[in-house]
Amino acid sequence: MQEADLRVELGGIRMNNPVTVASGTFGYGKEYAELIDVTRLGAITVKGIRLQPWPGNPVPRHVEVPGGMVNAIGLQGPGVDGFVREYMPFLRGTGVPVIVNIWGTTEEEYAEVARRLSDVEGVAGLELNISCPNVKEGGHAFGTDPRTAASLVAAVRRATRLPLMPKLAPNVPDIKVFVRAAQEAGADALALINTLPAMVIDIETRRPVLANKVGGLSGPAIHPVAVKLVWEAAQAATVPILAMGGIMEPGQAIEFLIAGATAVAVGTANFIDPTTPLRVIGGIADYLRRHGMRSVKELTGSLISG
Amino acid sequence: MQEADLRVELGGIRMNNPVTVASGTFGYGKEYAELIDVTRLGAITVKGIRLQPWPGNPVPRHVEVPGGMVNAIGLQGPGVDGFVREYMPFLRGTGVPVIVNIWGTTEEEYAEVARRLSDVEGVAGLELNISCPNVKEGGHAFGTDPRTAASLVAAVRRATRLPLMPKLAPNVPDIKVFVRAAQEAGADALALINTLPAMVIDIETRRPVLANKVGGLSGPAIHPVAVKLVWEAAQAATVPILAMGGIMEPGQAIEFLIAGATAVAVGTANFIDPTTPLRVIGGIADYLRRHGMRSVKELTGSLISG
Amino acid sequence: MMDVSGSVIRQTPLAAGYWSLELEAGLLAKQARPGQFVHVRVPRLEQSALRRPFSISGVRGGVLEILYKTVGRGTGEMSHLLPGDAVQVIGPLGNGFPLEPRGVPVLVAGGYGVAPLSFLASRLGRKGVLLAGGRSAGDVLSTEGFERLGWQVQMATQDGSRGEKGLVTVLLDKELLRLKASGEQAELYACGPDGMLRAVGERAVAAGCRGWLSLDKHMVCGVGACLACVQKLRREDGTEWIGRVCHDGPVFEAREIVW
Amino acid sequence: MMDVSGSVIRQTPLAAGYWSLELEAGLLAKQARPGQFVHVRVPRLEQSALRRPFSISGVRGGVLEILYKTVGRGTGEMSHLLPGDAVQVIGPLGNGFPLEPRGVPVLVAGGYGVAPLSFLASRLGRKGVLLAGGRSAGDVLSTEGFERLGWQVQMATQDGSRGEKGLVTVLLDKELLRLKASGEQAELYACGPDGMLRAVGERAVAAGCRGWLSLDKHMVCGVGACLACVQKLRREDGTEWIGRVCHDGPVFEAREIVW
């Protein structure tokens, strides 16, 4: 039988296969380039970038927990110009679409970052981080109120023609409200989920383990929560969905596709087994073959729930 | 050294120690009575009860996931009168305070259940389930809007003088809003967290594993999320907090106390090791001794976060 | 019902994918009755893994035998248990089979469903016949034990690799005819997949005899507390209720079950 | 840098709680330089457990040696590894120690911090002295290896159960005085707890020699991608920056580190 067609289009981002990496878990691509063939990825999503360089949070910035980890990196980064200078040459060289995760503390900052990335060769799209639990201003604050989120998306929309993909906050009662708000404001795609707000306390010192006190839970622990949110979002979405949260094995990625995602991102698993994204691509191809599907598009939203 | 004082008061419920069991994970107490000495529990919290008998959801009602399980029992139960008739004689006999978890599909139903339990000997308090993700009406719907939640609490408040403890929904952007709403409406204590809305898909059949499609995630996977919510809630709370979510070991209960809880409930762990609540009681006592604390009250809210 | 730390005495591979596990479980084993089950905390799974239920397939003094098939993570890990390993076990659980048959006991086993029936055969006052079915020869287990006890054994496999080719219900139909011809009453006991149990139940009703069916329902607590393992049932007066397989079963009379 | 499946050759208990683990790691081992580390996926932890970083304590052909202390879940499981077990290992990682000392190499080890220094001693052209410290006699490890290579070894323990009583920095102060008196320049290399490293760094600055410190920072990715292991650093021009210990280190010159 013929190989299934793995190509997808994620709101204007053309991917050779539906698998990218989750922002913040793959650096700027370069760091893993010796370990895996990054040119085989459907897209490379880079660590969150704001306008200026940003130091992030003090250490400890992470702690291991059952089923995953809690991190509070705090969006350390080289700023948009530093990113373009230091990392885009390598990324362009991969030939893989680059999704830049952006953030700011004001609408103007988000818009300015988007503007500066608009004409950078190799940048295929923007993931708008409005859901990072690890920074005091910006990030999360934008993602938990639908009006604020919509206004932000609209502001960035005016600043760029790049595909725009807001990354929604998972800790909301009804994700559909945010899906609609983001779409109406001009989103081309939606990404979910970001980490769940979390905290770990060292009972001997009686202090939070993380210097930032709170952080975000990622890893297999959050996968069933992510599937639920993706499934629900897909019901309200008219634009494609990039799904992530706890993918360790191909099956967990396939769940997302069945639930309605067009593409998936591997996050925490990269730290444990850097070959995960490639194994997931292979696993999806195998699945399509076994089930006689000719394109991964047949899988998207194929949940039978009658 | 003298044994530390483990007694706590949870909004009018007097407990010999700060450890109860989470609603729905310990039946009506009776089921575990051959396996552990239930009279040693600080309180027994029973499975959710509504006005009339309720069949719950079709099976499968559960599925195991990394770090826990997803359930959609759907609040099956004998109704308030059936409960009082079938189970209260045994529960009264234990001499342990009984916390009855109640729910309904209307304010009136909640209030009526509360009214009927008001004069039942042995009932020490009511946990108001406004956060069950597994029933279509009632439950969750009340818990994700602060005004609806407040109105419900006020309605039940008018119906009973029993200690009233709303169980808050975890999937909200800001738990403090709900804490304040519930308090102002007359809550004597607060319980959190309920399970996180979740879903698992069988990729071979492409169907949801649970007959109810979605369910609630419990177990150690949710513990760091629960600690964060309890810590945040404690900052807005003027009433005591009953904390739960993922306790498998004493240390995880102690984290909750340090974060600001007055008492804790052991849930999913009962299924795996029914001695967990007793081990947790012992572990807390040990901890207090090792740290030279004379009362568990010293532990509550003792987080050092400067 | 108790929660004990059992010690592995022996682990024996049976046919491919099937194992017999013997545990020293003291009083728990001594109290066990056929049809009851144990709830096992599988060592080396992660801490939050749920327990797994298994029928008791035999008891020798304080030693408990489990006969199981490796089908997933839990049973996979179980197959690595070695003598001396400790295993946390809750039991004996459930109601068990009634031990006073009104007729010739006819035991119908599908795959590992033979487990509780082995224990049953060793405790029934009256000898009878075992009808053992499975997909293939390797799925027909423990029949020698029955023969040693003086039971008659008939086999059926779907691929014909052992005994009759076809479903075990074909054997049952013949056996019921034979008993009817000889004027004898049958008492059916069955354990296996739902489809088989349902078919056996229909035969019991048709033949006017009692059919005791042991249900294999996925469980969480095993003690009646969580309501995960429910089954719709019918009382003698025709009213329906929702039972817990772990607590009210796992054995039900065919007429009780609302499929 | 590569991700290989290493095969356990041997696991040897050293002092109580310390182990030496030898892995066949082929090219990875051959490429390794002293001061570099490997990122180990510990078998039998649950699937989502993060990797654990360990210094390379020696290399013999394609065999890699790790010297480790059991301090928690991961190292606890590691101690159960048996010959033939497969272990997923990423490495060699990090920058390693420079191998051209400007003076007499003085190696300062705290507990398992001796690990990268063992490897270093075997690769340095010039012999020198090892100052090995620990809480108690059992925490002073692998000193025979240094002696066999013709290195001088001095020891200090906090409880005085082996060598001098006190901190290893007491030995360092004496050694620096001795070298100064004999007109020799020192080059310091240290690995151990932060407090010790900081003290060694201060000595390097005071003595006007270079001090290479290998930091023990908790890591996630090990390859520079996650930004979990950051350390504030100072450039020669005095400006500060935030480095990743896994990628820009783990070895830094004392003057680079902003404690």
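Labels A, B, C and D are assigned to the chains in the order they are written; within every chain, residues are numbered from 1.
FYI, a residue touches a chain if its C-beta (ideal position, glycine included) is under 8 Å from a C-beta of that chain, and two chains touch if they have at least 3 such contacts.
Computed from a predicted model, the values in this text were never measured in an experiment.
Asks: Going by the contact rule set out at the top, which chains touch both chain A and chain B?
Replies: The shared contacts of chain A and chain B, listed by label, come to C, D.
Asks: Which chain has its C-alpha centre farthest away from the C-alpha centre of chain B?
Replies: With centres defined by C-alpha atoms, farthest from chain B sits D.
Asks: Report the inter-centroid distance (CA atoms only) between chain A and chain D in whole Å.
Replies: So the centroids are 36 Å from each other.
Asks: Rounded to a whole Å, what is the gap between the Cα centroids of chain C and chain D?
Replies: Those two chain centres are 58 Å apart.
Asks: Cα centroid separation between chain A and chain C, in whole Å?
Replies: Those two chain centres are 48 Å apart.
Asks: Would you pick out the residues of chain B that each touch at least 2 other chains?
Replies: Answer for chain B, listing residues that touch two or more other chains: 66-68, 220-221, 248.
Asks: Note the residues in chain D that touch 2 or more other chains, in rising order.
Replies: Expected reply: 46-48.
Asks: Provide the residue numbers of chain A that touch chain C in the complex, in ascending order.
Replies: 66-67
Asks: Quick check: in the complex, which residue numbers of chain B touch chain C?
Replies: Of all residues in chain B, those touching chain C are 24-27, 31-32, 34-35, 47, 55-56, 59-62, 64, 66-69, 71, 73, 76, 219-221, 248, 268, 270-275.
Asks: Give the list of chain D residues in touch with chain B in this complex.
Replies: 46-48
Asks: Taking the touch rule as given, give the residues of chain B at its contact with chain A in the complex, in rising order.
Replies: Residues of chain B touching chain A: 65-68, 70, 144-145, 169-174, 196-201, 203, 205-208, 213-214, 217, 220-225, 227-229, 231, 246, 248, 251, 254-255, 258-259, 287, 302-305.
Asks: Taking the touch rule as given, give the residues of chain D at its contact with chain A in the complex, in rising order.
Replies: Against chain A, the touching part of chain D is residues 1-3, 41, 46-51, 88, 90, 217-218, 220-231, 242, 247.
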